[in-house]
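What follows is subunit A paired twice: with subunit B in the first complex and subunit C in the second.
== the complex of A and B ==
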């Protein structure tokens, strides 16, 4: 190469900084691109150089991780009760959303969920009793993610709760998730009381056995295929699950009718699914969990396999950093609030549902869901821009999940922590918002940017490992 | 007065955008002062100096945007703050376009992927981030124009060595001007393509010679900037020598013109060694050194003569005749005024090299020249804000630009000084440079005319308009407006300095 080469080709300019310089280039016939530049994220001074030096090794690890993520085959294979199937589940275990947390640091809605769970399990008669037990040290709290599970919002899983079983057939691993309770006063938003307990009991005694028999009858349901269809029908399977729920209903209804002897129960179950547009969320989540879990523990990989929040902290795990959690305080979402509520009522971001974004869905696929663009600024173009931006921080594109508005381009998949930090661009997450007090429930929904802190820490940790 | 502010966490805008918003806010009715800055330590100390550092700004950092307004009452201040947010959000919103339009890439690599033929990165982010971006650009195989200043010498040397190894060019840091393949970059003028190749370690110097070349009917093959520090021994002239060699090898380039302040000895030696190896005419101007050429104007005319195959001696003889005409003109101008006041000249320059050239031209015309950037026999001004005797001031020096836009963009300070100096009893002549081209203020006449009109009632105002007919400002209109306002306009800086010096000498003679 020599400077001569510069003289012999038309000038084409990448402009970093003052924008009028780019305009002047274009006016004088030189094609130019403006970099939407931000100051770099603060990380350990040596990290960038280490990761640059190890780039080849990281790329190789990431290729392996991406192949695993893109080739996963998550299927619904059955249902069971948590204590029977979730590894490490004891009678004193309560699983929760997000990174590890102790009772004293739990936010209101998560505490509410724990207390509701203890009442539901018959471990406490009243909420006061439940609170006492919850804080006694007798209960073992652990993240869903550390037990092969995921849970929306508070993500509470107690031993008696029925769970979906999703199997990644290609790699043999399994993921679990509770059944979606619907809207209104529900445990996952921290609500408690008779209404909540009764619904949970009904789910355990009616919904669960009916669904279990139906899935056993129908055989495994290919959820990857189902999600691909749902994307074409306007879902991003995080904040919009109407199409996914409808498709699941079509798959399950004949099996329910075929297997359920009690007509009233069959009607009740079908109406319950039909009446809850988010019913499918508790399947899109374990689909992503099963897909991403298979890619864990690939040494050197900078791809995220978990983003999760417990309402206090936001946590990230990488494929290349084992079981380490990288956390920072969770932020209060800038969301659309229901009438009568404001940001002041909102709890910081909560739930394992960011597993959908980690898997290339949810906020990353928002361009597929024009019906919910009021969450992102009001126009379909805004949604498209969000998805476009996520291609900047991902390592690949889904081969199966496609976005019609982008000429069926695959969704941005595989968050590369290097890109997040070096471009100072964090993932966007679709989210529901819980009231900060236990027992109130949902107060809004919208989009939230992940905090940079966990990614900066993960970046430094990866550099340290690869040093 | 009420001072109110807002903090926007995690927002980033480039300084030019922020200064534009700040300026617009300052013009808001009822607003006395306004500032919109990233809350860096440097900016916070500037806010503190103007008593605008609100308590809530103290814990803010580099990535936070601080907006502060001092207004006649709280209502006005709040309205102005709301206006600022509105202006910034308008700026933030991506350009309207098709539904599937991609947002701007977030880093150099994505941008280069979006523009596969990219061959130059033009970098103007804050100095402490600039070296990192330049290194990434080189790694992507891009040549670099580094407009940013405040890059360390160590980084500069490392970048230039890396570029040299890769056969790439690093222009800068602090490189304000270049013209590559006919495209003006950053602060540069619109000039025709031609056979003169320029290597410039001085931005405004390069602008002036390219303008004169264009105005003389010749053209430029390439104008390569290096940044002023390149010709210091610590950097070793890496970019300067690489650029010279590239022009020596370039088939379009028939004449090479070098423009710089005098290089340090080690670099100068290497330059002369290389000149001897180059089989093309090389004209070198090391401004402030004795000999010919001594001015940007002479250097440009010599290069044009070589390019046209004309006799260089005749080109310079032509200048001597021009100077005789200017002398006659000066006598005429002074004779028209019955009682011209004062005797001293005050030059207020936006371009550093123009200020230097002024000192070369004025040497021998008037005595006791002072400057904040003295050259040759000039004396150092004690206080640049209060010029004395015959003084030429470079308003682009750090003492004027910290916390303020460059004087080629923002005329506020110079206009204020024009009026102050015109009123001073000892001042007879005010000398100005008016730089046209991309990067510079798009309406210099509109900015200057009110001040010149007032000043011309008391003193003689001479302005050098440095630009070409292709520049976006419309040179003919600028010249016309300045003349109308009472300025005596020349189309090179050297000619303007000459005329101003001659007038000052004539007034001094008359008032003796």
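== the complex of A and C ==
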């Protein structure tokens, strides 16, 4: 084609790189196609070749992992107290969110949660005493994830705390999570003080026994089915749990009435659940934990089974790399901040709740919950776009969790670290944001991107193992 | 442009009429624009000119009507028994759905409902006795709508039936509706027999007093707010009421526990509501009735305040035409029929539930509830298309009821009969379908179009008044 012909024919643009150039072409009437290209991620020079060479083995391992994840049958089977049921829990153990961390590296809200937990346990009378004990070396800190548990935000679990027990009946494994405290001044956002302690005591002495009796009465509750319904009702079960909470409430209320002889307690428990649309979060999390834990230790698999943040580090674990954690600094979310707060007040990303994204829910299913995107200034189309992007980095689609706006397509499930690295496209997570100082609480919420660091490290580690 | 040039240039098609021609062009790579043109509706020759001449007066009246509709504040304020509260209700009165009708013209399911009602009231021991009484001339039949009430399907209200009381607090008017019986063999679908009678008796003696005490204890429940939430949770509150039922349940359960001293009754009531995701329909209907009734009798207005079907006739009332009914034969829905049933089994469209569409909900808000369209074989895009079409024939948009998939745009509200006729575009209604014989029950569900007849008559009548 001669230059003359080129410029007299209608312009047809294929754009690589900055997307605004494509948009400018379109604005001026020239059709343009965007090639979704990003610069390569820095990994070890030999990793890509090794993983390409081992592709068949990886695919086979991933198929096995995906089948385990998609076939999981997580059910609520009961409640108990942490010390009775969580493996390895001692009187000196405090579990926390995210990858392993020592007291000296803990962020403000996690320290606040630890101190609140020690006061709640009666191990300290004041926050000053609690801080002394917390930093004394007497307390053994360990990730929830290493004890079959998960916890939102600071993720603190102390021995006396009641926990939900979720069993993956198909594979027999179990996951635990504390009960959601509601909003306001709460331990999981690092708040402490009498209000926090009293609520935790009420949860231990009233909420827990009432719920325990009700669940024993109702029998196992199929949480996978319940989440599937909640996705048809505008939840993505991470930052929006109104439908999940409603459906759980419907399932539990008759059993609460049938088993609780103290009318005031029954009413108080119903009102407590009714007053907190995040109540279900502490069940969607162990649902994903129980589902993904069954897929651990499948040699060669490049699928993530954990994404978790301790407020200092962001950690990832793969099905194919055993108990290794791959970490990088957690980032401060670009969020919508509550009045009076800015990004400068925010703690870096924190909590085990990214287990929902790891399980194909949360940010991955956000097209089902456009209200969340609207809350942070976006549109329904943005929500659909986020979910569409996540299909790019996942190995499959849920057979049970569907997105109405995408004609009930299964949610993108099973993060493949190869796709994350090779496409330079990280998972999106929709999350709450904690104040960076202990004792303040939530300051915002938003849709954040995971850092690439942990995925790049996991990619190299998998290549080393498969070399 | 020469013929030669025309055929050598890329084809650009503007299509008027059958849409498949446009689609064929597109399939073959030629961009095409569809002009949304339909043949004119048959109305009196002078009507259009009169209404055009009176446009300013009509617009002013419609603005007043829309302000009343959009500003309504429907709240659940209590329950009572029909004979105590429904104006004009006597021991010989039976209310029914749709426009006025006599026994001899009633369809099968409506006759079934009437007979079931007479047995329930103890006015007849057998269905044969009931039929004799029903056709004797002793029973006074009247539309629910003429007594401030609405009823789904057959819409039968007898004196002993408990009713919800919904008050439009802003304007002081009240609407009534019976309690939803659930699925299976139920009076509203024209079923009768011991199972039907016993359930109605249980509703009168257990369900009603428990709910009455609970609502008295909880205080008025803001149903407009509740419906707004339900639309964010996948309901359109006509054929899908899972979220509405869940949120109502959450609001009522603590009050039921607090006020009901008989534990078995409390559990039975909670299980009854929990077992019926349509329970909320009998509240979304009087919400719309109370909202629209406040806008009646605004001279000159072309906005519909009622669409209702009695299974024989489809009736429409306008704000600007007083108590006149405009009717035409109700049509048999093109629905999805349950296994073993076909369109030949179906009764023509029946029920007052089209009051939800009249109020900007139901089929008008179906983009919020793609699950309904999927159920009848359509896609999420179809649901959006139905709602988009309804913006064409409505005068405004709800300020409270929003559709997440349309970036929380207000639902199309206030059917303008001028737009219906002049664009030849009728309202869509998503509805259940009853068997045409008394005593059988539901045979399907689908998305149906209202007949044009009543709108054409209303159009002419408005023109006559404004002449």
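Assume the second predicted complex is superposed on the first by the 430 of 467 C-alpha atoms of A that agree within 3 Å, B and C clash if a C-alpha of one lies under 4 Å from a C-alpha of the other, contacts with A are read in each partner's own complex, and residues count from 1 in each chain.
Methods note: a residue touches a chain if its C-beta (ideal position, glycine included) is under 8 Å from a C-beta of that chain, and two chains touch if they have at least 3 such contacts.
It should be emphasised that the depicted structure is a prediction, and the values quoted were computed from it without experimental measurement.
Of the two partner chains placed around the shared chain by superposition, neither subunit B nor subunit C is touched by A:49. In the superposition on chain A, A:380 contacts both subunit B and subunit C. Of the two partner chains, both subunit B and subunit C are touched by A:406.
In the superposed pair of complexes, A:38 makes contact with subunit B only, with no contact to subunit C.
Once chain A of one complex is fitted onto chain A of the other, the partner contacts of A:392 are limited to subunit B, with no touch recorded for subunit C.
Within the superposed three-chain model, A:423 lies in touch with subunit B and out of touch with subunit C [touch as defined at top].
Ranking subunit B and subunit C by residues of subunit A touched puts B first. In the superposition on chain A, contact is made by A:249 with subunit C only, not with subunit B.
Residues 380-381, 405-407 of subunit A lie at the contact with subunit B in one complex and at the contact with subunit C in the other. Looking at the complex, you find that subunit C touches subunit A at residues 229, 232-234, 242-243, 246-247, 249-251, 253-254, 256-258, 263, 266-267, 270-271, 274, 370-371, 374, 379-381, 404-408.
Of all the residues in subunit B, the ones that touch subunit A in their complex are 12, 14, 16-17, 62-63, 94, 97-108, 110-112, 114-115, 117-126, 129, 132-133, 137, 141-143, 147-148, 166-169, 180-186, 190, 221-222, 242-243, 245-246, 249-250, 252, 438-439, 472. Touching subunit B in their complex are the following residues of subunit A: 1-7, 9-22, 24-25, 27-40, 380-381, 384-385, 388-389, 392, 405-407, 422-425.
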